[in-house]
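Next come two complexes built around subunit A: one with subunit B, the other with subunit C.
Moving on to the complex of A and B:
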């Protein structure tokens, strides 16, 4: 699936850009521009836990521990699971107009088939790379999460690539109820792998990713942050926000109280029923 | 799986335009006569000045298993072409585009606890919203069942 010759992808290179701002910017580029974009960000300065659009904090995060760690809690606008990100996470985001790749229908599976092929040219030389139940893996260990947003005839596919990670932070995540079969109930530390253990050089990965896009037939055009941020003014819909820890913890305490009250009511009803017998 | 289940329900007389047996191949999407269809793959059923809106069998099949659906609030107003709702499937948050302009008078609250209805019964229990139309003339822009079938082909 090749684009028409000369199809432009605007390239935005960032480093140490806060993930909250990056996600807000990506959403604006998706919704409020008609251009294709490839955004790369080498690390976010402060650690964060990033939930997908439907993620429930109490189901996915050890809340008290995460709050005590001072890790920001962010809800993003794309689907998918929960990730812990920090300075050693590399982010990429491909934003595409359907007409630029007419052979890729703007639906989740066709988009992921395309990106698997695209990223395969970059990661394939370093191991048994594949998209496995929608995760980027070497064999049966995951090195990158991905998620998508689709609107009309535009789509966005972004990834968080684990160059390295801190095990105590990874342990802040709970085992999700919905998990891929290949995970086989392994906890996070057994299920994910550090890219630094598989790839020779972090600094060259960005160039390799750009090379992958050029090999796929795109013409890359460097863009500045100022140019990209014009989209923020035009965008009216923003599904990305930082959650307030005080509010999240208060809601969780209320939820637990309600759950306990319901359990006590059920127990009372059961006891009353048994005594009548 | 979702398509087979839907096809079984559909045999009970929804006026399907589909020449295939109940266990239909996923290569074909089912279309219901009497509805109007948008290019973004929503269907519209008009009763008086209220339109019921959902997504088509083609759309639910392409999206995959819907694990989350977020409907608009009753009272919200949209123009045709606006994002009206979100569904999540296969790690993707997909916008559902409003095919008509108007005010939301009902939203299918069942979908918040069972979003799979969008897959298993897209033209029935998977309905998403009811809209009081502010510009019924827009309905003329929508496709008939036959036109939508040709559009999807």
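Moving on to the complex of A and C:
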């Protein structure tokens, strides 16, 4: 699955770039450019909870606690699960024109098989690296998640890699209803692992990720943030946005009231039915 | 009214969540236009429409879980003759089960390497009653070339017209197509419709059996082919092209099976005594491929003079039947449009064709193995009918031709 010789991937290296802006930028690069991109961001300055495109906040997040912690709530344009991110999260995003990798069929699993091989060259030396049911793992503990977007001619695969994390923030996430099998109902803290406990050097990791792309046969071309941000102007479709806590909490209260009313109605109907028997 | 169904979006995926619509009821949508986005396997996937038309009804709302095969929307297509694929193609085309099926004989959108269209077994696909069963990508291809799909012999399952069927039909038309202006009528050719009928009738047998067609057929040019012919005409003015022709004439003497035709019964191969090399030219009445007779016996200057004569005759509509028939080999010069490499397609009843690209100035090592020197490099590619020509013969011909081109002195030595 090698690209044609000389296939260019534009490299954008960021550090401490806000995750909301990064996701909006990635979406624009996917939808409004024809180039291949590899975006890396070393940490986001403020902690945030990032939901997938259709994730329901009340099912995935302890809302009151998260709001009290002052953690931003962001909805991204790709599918998948919920992550807590902060200064110690590394982000990578690979954006590819289908034609650049004709051996990789533009569907979720073939793309993930490709990225598993790609990232395997970086993480493999440090443990039993695998992509298990959408999570990047050493053995059966997860150090990163991923999600994707596939359009007519292009695909995007982005990750959040846990160099380190704060346990109280991780605890803001609920156990999701849909879990990968290998998680085996473990609590978040039991099935994630910190990359800093497995890899020797954070700064080197970014270089190694770029090296992995070159080893995969791509020609990397450094790009600037200004060049990349031109896509933001051209992009008309933006699914990434920050959710307003006041609105989210108000909607949650309304939802709980409706649920309670429905339960009371069912109960009275059941009681009335029983008394007639 | 067409029902637009959700195709499979990946291996083993049976359902997706609808994330958002990009259209509303009443909106116009283009063929391959973005219609909605779904989510599965942690991926958002764009779904594009196989039809052009107006959206009449959206069957789901964002958040709904849609099963593969369910109707997503109804699209009014305005009563076009050709039945499109019954299932929607995903934004990245579709795969069935664990493998991409390359359905409909590779009915792939030209821009994709991994393209195909999933056909569900819905009832819509059956209701085609005399309309052509094919895919949106193949319909698009046919439209580009102005091909009437009902005239293309179908080899796909259930009488489906495949992409290969359309390409074979186009090649067959090209082999049978000559200037209608020449010969009998002298003024114009048959009407476009009659020409298409004749081409359609002649093409399958001509393409399949390599027999020579006797009747000239005018084929209206479309799109890039028209542009291509204009550029190829310009190639006649380029001096090195004449050397290429001369070299080809000599090399074909050594490799007679490349200068041959397959008999109608496919029982024998006629290796022609003379090398008559065709060069494509544009005329007001369509594509012509006049050929220079007996190239192996002509000097470079004689070849150049003959090309000029043929060009003038073509422009003045005075090509004779003899000028446009009897070709035994074709050379295509793509270098005039800046091309460096091409995959030429054989011009039946010939069995081989050559394309030459632009001469490029590229760095190469000198014989000492260390010094980098500027070198003039030209790519050459060959196509052949594998019923007559094998790879070894092609390689041998290429090597012989190359020696003649690289060493003009040798070329002079071998001239008769």
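Just a few scattered comments:
Here is the rule we use: the second predicted complex is superposed on the first by the 277 of 277 C-alpha atoms of A that agree within 3 Å, B and C clash if a C-alpha of one lies under 4 Å from a C-alpha of the other, contacts with A are read in each partner's own complex, and residues count from 1 in each chain.
Quick note on the criterion: a contact is a pair of C-beta atoms (placed from the backbone, for glycine too) under 8 Å apart; a residue touches a chain by one contact, two chains touch by 3 or more.
What you see is a predicted model, and the numbers here were worked out from it, not measured in a lab.
Under the clash rule set out above, the superposition-derived model of subunit A with subunit B and subunit C contains a clash between the two partners. In the superposed model, A:99 makes contact with subunit C only, not with subunit B.
Of the two partner chains placed by the overlay, subunit B and subunit C both lie in contact with A:78. In the overlay built on the shared chain, the residue A:53 is in contact with subunit B and with subunit C.
Shared-chain residue A:151: touches subunit B and subunit C both.
After superposition on chain A, the stretch of subunit C that runs into subunit B among 1-9, 253-261 or 307-315 is 1-9. On subunit A, the surface patch touched by subunit B in one complex and by subunit C in the other comprises residues 52-54, 77-81, 105, 107-109, 111, 134, 146-152, 237, 239. Of all the residues in subunit B, the ones that touch subunit A in their complex are 40, 62-64, 67-68, 70, 83, 86, 88-95, 97. Contact residues of subunit C toward subunit A in the complex are 9-11, 17, 19-20, 22, 32, 34, 37, 39-46, 48, 62-63, 90-93, 95, 100, 111-114. Residues 52-54, 77-81, 105, 107-109, 111-112, 134, 146-152, 178, 237, 239 of subunit A are the ones that touch subunit B when the two sit in their complex. Contacts from subunit A toward subunit C in the complex involve residues 52-54, 77-81, 98-99, 102-109, 111, 134, 146-153, 155, 237, 239.
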